[in-house]
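Look for chain A in each of the two complexes below; its partner is chain B in the first and chain C in the second.
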Partner chain A sequence: MTSLPTHTQRKLGLVIDLDTCVGCHACVVSCKGWNTENYGAPLSDQDPYGAEPSGTFLNRVHSYEVQPTDGAAQLVHFPKSCLHCDNAPCVTVCPTGASYKRQEDGIVLVNEDACIGCGLCAWACPYGAREMDMAAKVMKKCTLCVDRIYNENLPEVDRVPACVRTCPSNARHFGDLADPGSAVSQLVAARGGMDLMPEQGTAPVNKYLPPRIKDRLDQSDQIDILAPFLAPVTDQPKGFLGWLDKALDRL
Partner chain B sequence: MHPAPSIIAFTTLSGLGFGLFFWLGIGMPGSTGMVAFVFFAIAFALAGGGLIASAFHLGHPERGLLAFTQWRSSWLSREAVLAVATLAVMGLYAIGRIFLGTTWVPLGWLGAALAQGTVLATAMIYAQMKTVPRWRSILTPALFLSLSLGGGALLAGQVTWALILLVVAGALQLAWWWQGDRAFAASCTTMASATGLGAAGQIRAFEPPHTGPNYLLREMVHVIGRKHARKLRIMAFGMGYVLPVVLLLIPFSHVMGALAVISHVAGILAARWLFFAEAEHVVGLYYGKR
Partner chain C sequence: MSQPHLDTSPPVSDEVRKTTCYMCACRCGINVHLKGGKVAYIEGNRDHPVNKGVLCAKGSAGIMQVNAPSRLRAPLKRVGPRGSGEFEEITWDEALATAVSWLKPLRETAPEKLAFFTGRDQSQSFTGWWAQQFGTPNFAAHGGFCSVNMAAAGIYTMGGAFWEFGQPDWDHAKLFILFGVAEDHDSNPIKMGIGRLKARGARIVGVNPIRSGYNAVADDWLGITPGTDGLLILSLVHVLLGAGKIDVDYLSRYTNAPVLVNGDPKSPDYGLFLRDDAGKPLVIDRATGKLAPFDQPGLRPDLAASHRHAGVTHRPVMHLLAERYLDPQYAPEAVADRCGIPAAKIRALAAEIAHTAFDAPVVLEREWTDFRGELHKTMTGRPVAFHAMRGISAHSNGFQTARALHLLQILLGAVETPGGMRFKPPYPKPATAHPKPHCKVTPGAPLDGPHLGYVQGPDDLCLRDDGTAARIDKAFTWDNPMSAHGLMHMVISNAHAGDPYRIDTLFLYMANMSWNSSMNTGGVMKMLTDTDANGDYVIPRIIYSDAYSSEMVAYADLILPDTTYLERHDCISLLDRPISEADGAGDAIRWPVVQPDRDVRGFQSVLLDLGARLGLPGMVNADGSARYADYADYIVNHERKPGIGPLAGWRTGDKGLTHGRGLPNAAQLDEYIANGGFFVAHVPDNAAYFKPWNRAYQDWAVSMGFYDKPEPYLFQLYVEPLRRFQLAAEGHGTRQPPDHLRERIKTTLDPLPVWYAPFEDGHADPEEFPIHALTQRPMAMYHSWGTQNAWLRQIHGVNPLYVPTALWRSHGFAEGDWAQVTSMHGTITVPVAHMAALNENTVWTWNAIGKRKGAWALDEQAQEAEMGFLLNHLIHELLPPRGDGLRWSNADPVTGQAAWFDLRVKIEKVPAPAQSQPAYPPIASPVGKGPGKLTWKVGQ
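Up next is the complex of A and B:
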């Protein structure tokens, strides 16, 4: 049924730290690696070694330049995958019932056997979290690694989404955002976790932690101590270069 | 949004077909026998042909029957249910008119209502999309319904109604363009709200996730076609609305009527192409495009 549940017991999701993400794309690779050989149809590539490669990804990392009114520009790496919205517009538009949000943990999933590949759910998602697989012709999306997080065949440390497990800078955190005592909820409270496109009314479960202000070397007093030593001592070339400069001037 | 030819053909032709069904259903014209057969054949060809065209858009048309199950929540499912109900009711009604020479009036009215319900459901698929501000307006279903009724009246030979409804549809088309050009700014969705980085400063897309294109960019970020949007709007409005009205105002002949229909359909196809090509999806903001 593509009606949304009125309430989910838990809200499993991700907290992504834009302050510590280094933009290495390891989460993109591990996501594709795990999900191409587990839940549902493989994540295909088209023309992978050709001139115009393209493929299905459930997680992509954008990079943005933020230019404050004063001071140096900052680079912010921005991973983006399904936000498992409470008010998921992708679910209600589905004509076949293939898209659904689970009552027990809030994960938004696609039953690929019922997907007719109409693409309407991808239109309804403001975040670009759903991509049609060009080989399987069904809609693919982040499953929050539903086949890892409950998988008792895996060591306990691995029972988190592949992207979280692999992140070398600890920029990705997984947990229950409905529980105010959980580590992810505390992180969101402490760091001012935010929603993406709140005006769209999707009520995303995933939260983003804003980047902290970076060091401002250009505005610091400390730089003045060394500045005299770093200032250029001469504008005129000497020695061989000085001769060459004069010689060329005379030509 | 990517202007898929199958969807443009579907929405235009089925809109006309269901419009013709409406006028046949309420008995305007109330002809029977061979004349009725020609009218119903045109309506079924347009509406049914449009539905088949839309099936080409699906990745798995063989699972299409499942699309009739989610009418409680999905406008696409409602459209499928209403379309098939219309075809079934009008099929029965057509048998009476063509072969038995009788008009089952209540059945005709039911079919007429279902036909316009189908057009409403089609329009609502687009009007419900908060992600495409240009579409999310009450004017979208108003435009689709007036076009269906106006085009249907044109095909049904209801000259007076066609004149009135085409003028109304033309006015709605202008209003829709006017509000659509302002809708993205009015939606308040910007790169700042998309990334949450607005408080830190001016945001610029520095690097996309991959060097190549992807499904999202192909399907939802269509920037090529807008170059000639203004010229196309003038052509669409001239052929779709102005010329048919002029042709209907001069004394009626079948040649002029046929020319009015051809001009109307060509204009509406152009307008429908713009409907998609000019529609900007908010996901483009993540790529620094619109």
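Up next is the complex of A and C:
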């Protein structure tokens, strides 16, 4: 079994805004592209042009419908990748030490050279965030683009995970969640950022910003506030022309 | 604790080449990372004005388009029957010689017998020019079945429309209202804009029967009944007018609200504007009470007074407008049931609009001078921005619905003002500044002018001397007078029917007409393969160009294989569909960042080659040799008029390089490449708003070559050209509509926005067909030519019919069930899924997921071919016969836009079939099948 560091200097992770994610899958494919070409074995695809194609993805977007007791149903788009937990059960379960959590930044990685493809870590992860690559027979997971975020061959502005760089609606944010002054920590504080499944005790580093309250337009309190804006000037075309004349005079 | 050594700075690529994606209509800039000459990674270009570094799923999956097994490999000659997919590879010499042997006799005797239509064409100013030189009147691209209602309504009303012509003021809007946008146009900029609005705390309201995508993140959602958006909008207008929540100053200065209209029903000018001798519309000057042309310096137009002239009362447009929309028929209570929106919610939305527009204006401290010479100290705007697209426009009432939305925007003073909607150069540009359509055919010579344009009245219709349609698609006829983008969806149907005449050769580019791009898909396949008494095909010859083995390939006689998007030159031109943003005019190129590994050629280069072989003017030199070596040569050296070419950047001026107007520059493409593949000229700050009336903008536009002299104009709340068609229908004038169309023209070509029920409602019994059925493209595949993409098909590989809760329960559906869906026209059997966030009478599915077996190099058992389906089988290009022997198209009566979303159906639970129905036999694949496994890593 593999041990976790008692403390990491930084906690790099993602803050994902569920109020803004439109479910476009840009992050999913950008991730697929970068990580097929980079860290470790390529993310393979089985039967890619066949009956039921399936491949390895490190990040997927799920969609859930929410049905409030009163009010219209809502659709929430929910991107999910490894949450780089402080108490990562995928690491402690690993029989070879292939799964590990980096001391310097808290990123959870798989050392593919040591991975025997036993799949225990995927069973242990309560989020289903790890995928066995069927071609390479090694476990694949989000690396937080560890080969981008420190990469001196990239312009500094691009040293962020591929999913964050590409997200069109700016629903994904990257930073150090151990630093209360970081932009991501402030965002979490301002928007009530949440842990995913906190009862699991995994202490995830990634946070989710919840959707704002929706469908307030015809709630009775809103109608009372807004009604004065529509006080009629007239209900007749003739009266309207009189109002118009006065309105022009006032200009 | 030891950790493995990790190289956190691996080399990313050998080289980055910057080009334009343009796999959809967003036209994002991309950085293509290469390793060993192969594409290793694609990301957005941070410097690019459209996407500023971001990229959608489709863009990132471009690598799977470039390596797709469905890529065509060489020119093909059909050897089996049409529709079989049996081909033989031939050389380019044979392919081009064959095409010339078909086309040359047509040009010399009857150029109209060539119908050249392009689908997802990205070079319409070029392909249109080619068709014009050939001399056929039969050219258009796919706008007629996409969103011409939106384009035409916008141009006629305000000289620009949404999307390619205009955008919300993302920096200043406080309330953003999105009507009927499917998860597409214009994809990345809308997502980016939504992100910016949310970051500023602005509110978003979605009006759409389906709460997915952008509507899913809207703060409020109005799940409207399809086809009733116009009614909802006019109800908002009713409430806002009644409350005086309109921008009176803006209306008097910048719109035709004060223009005087003839009110004498007996006059041949009834409903037309009072004009001076120079033809300028007249208004009453509030200072003097006298008539004055609309653009007179110092004028303050009156909205309230009327004018009696030669015994006829003339009233300002504003009077007609108030009379119509204050009518109780538009009260929220009167429209609520039809719209499926409670009256209280309509009022609440109106109140929020009023509050935001008039109690929280945006004031920019920027001086500007208007076209009447008045200096304004500030730029003040109404921060309510709207956006709309196909959802409201793909109905038979779509033109008037889009008009209604523009009326609402203009009444608020929320167009071209801070916080509202802003035009993108070269727009704004009034309808009168566009060409009119041309259709005069002379054998052996070019057409008399550009094909497509903006008619001003019956005189501009494309009719032959006997009154029949000059064009095969019947664009610009009494059936649909303002069909500014043509009617591609009618071409095959009309050609098959020989109505208005027979053609010889159908030449298509990137248009999947035997599948998802046609209404009545099964019928179209029959038309394409139908033979006459002699056993000859009714449509004698079909030439098709595509990069991929699409369903349409099987139905052509000659295939000209195109390159993929990274292997070619293109220009995204200001003459066409540029990359401009509200603050800058921009254009861009594609260039071959990788070389094709197949015997394929860029279609535009092939077209130039064909043009030279046919001796078309402009494509040959005096000695008959080819004028252009290829499309790149054309992009650099072609001049549409002196100094104006396809690209505006880095032209040759008197003192070195210049932008806008200038002579060709042989190194122009190198300049573009060095600049990341694009060019942007920023709009000066004092020209950034009020563009149609802003002297600084008008002067800048002239310097850029958008027009030759300043062309300030008024927004047309009342569209006089529509009234001219109505007048004809009432019996005035020499060019008269056929009697069967008179009543329809009177009702639907109303010069003020009007709502009428979608035409299908008048044919399909709402009791028998109570359900509306819609489609949309997923954002990951928006506008894409390649849903066979190995990565994307893992995300959107199935398309169930989504059914709302009440219908789901009443039909007793459970997960895994199938339904038979029936319209007036046809029946399909498809898998269903439950979705609660839907209008209660609406079902929908993802469009263009379903595939024909054998196409796109997919396995015949592919989920798209087994479970996938098209709604197209339920939608006919014609309305049901009325017993009058006439063919009534299922389209908007103003523009001819295909009325896809008028569809009404009934559904019934049925046992699961072996596969979705109808099922067609497999077509032979000219490219074989894709590999069984992908481990795509090009680096070491």
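Throughout what follows, the second predicted complex is superposed on the first by the 213 of 251 C-alpha atoms of A that agree within 3 Å, B and C clash if a C-alpha of one lies under 4 Å from a C-alpha of the other, contacts with A are read in each partner's own complex, and residues count from 1 in each chain.
Here, a residue touches a chain if its C-beta (ideal position, glycine included) is under 8 Å from a C-beta of that chain, and two chains touch if they have at least 3 such contacts.
Because the structure is predicted, anything quoted here is derived from the model rather than measured.
J.: Could you say whether A:L251 touches chain B, chain C, both of them, or neither, answering first, second, both or neither?
T.: second
J.: Who does A:Q186 touch here: chain B (first), chain C (second), both, or neither?
T.: Touch status of A:Q186: no partner.
J.: For A:V93, select first, second, both or neither according to whether it touches chain B, chain C, the two together, or no partner.
T.: So A:V93 only meets chain B here.
J.: For A:Q74, decide between first (touching chain B), second (touching chain C), both and neither.
T.: After superposition on chain A, A:Q74 lies in contact with both partners, chain B and chain C.
J.: A:G33 contacts which: chain B (first), chain C (second), both, neither?
T.: After superposition on chain A, A:G33 lies in contact with chain C alone.
J.: What is the contact status of A:L241 with respect to chain B (first) and chain C (second): first, second, both, or neither?
T.: second
J.: Of chain B and chain C, which one touches more residues of chain A?
T.: Answer, by number of touched residues of chain A: C.
J.: A:H62 in the overlay: touching chain B, chain C, both, or neither? Say first, second, both or neither.
T.: First partner only.
J.: One more residue to check, A:Y150. First (chain B), second (chain C), both or neither?
T.: second
J.: Looking at the overlay, what does A:A135 touch: chain B (first), chain C (second), both, or neither?
T.: second
J.: Using the superposition described at the top, list the residues of chain A that contact chain B and also contact chain C.
T.: Looking at chain A, the two contact sets intersect at 3, 28, 52-55, 57, 65, 67, 73-76, 114, 211.
J.: Where on chain C is chain A touching in the complex?
T.: For this pair, the touching residues of chain C are 1, 3-4, 6-12, 35, 40-44, 46, 51, 53-61, 63, 69, 183, 187-188, 191-192, 194-196, 198-199, 205, 211-214, 216-221, 223, 239-245, 248-249, 252, 286, 302-304, 318-319, 322-323, 326, 342, 344-345, 347-352, 354-355, 359, 779-780, 788, 790-795, 797, 805, 835-838, 857-859, 861-863, 866, 929-939.
J.: Taking the touch rule as given, give the residues of chain B at its contact with chain A in the complex, in rising order.
T.: The contact residues of chain B facing chain A are 1, 57-61, 63-64, 66-67, 69-70, 72-77, 80, 125, 128-132, 187-189, 191, 193-197, 199-210, 212-216, 219-220, 281-283, 286-287.
J.: Which residues of chain A touch chain B once you look at their complex with the stated criterion?
T.: 1-3, 18, 28, 52-57, 60-69, 73-76, 78, 80, 89, 92-98, 114-120, 122-128, 131-132, 134, 137-138, 194-201, 208, 210-211, 213
J.: What does chain A use to touch chain C in their complex?
T.: For this pair, the touching residues of chain A are 3, 5, 17, 19-26, 28-30, 32-34, 36-38, 41-42, 44-55, 57, 65, 67, 72-77, 100, 102-103, 109, 111, 113-114, 135-136, 146-147, 149-154, 157-158, 162, 165-171, 211-212, 214-218, 222-223, 226-227, 229-237, 240-241, 243-245, 247-248, 251.
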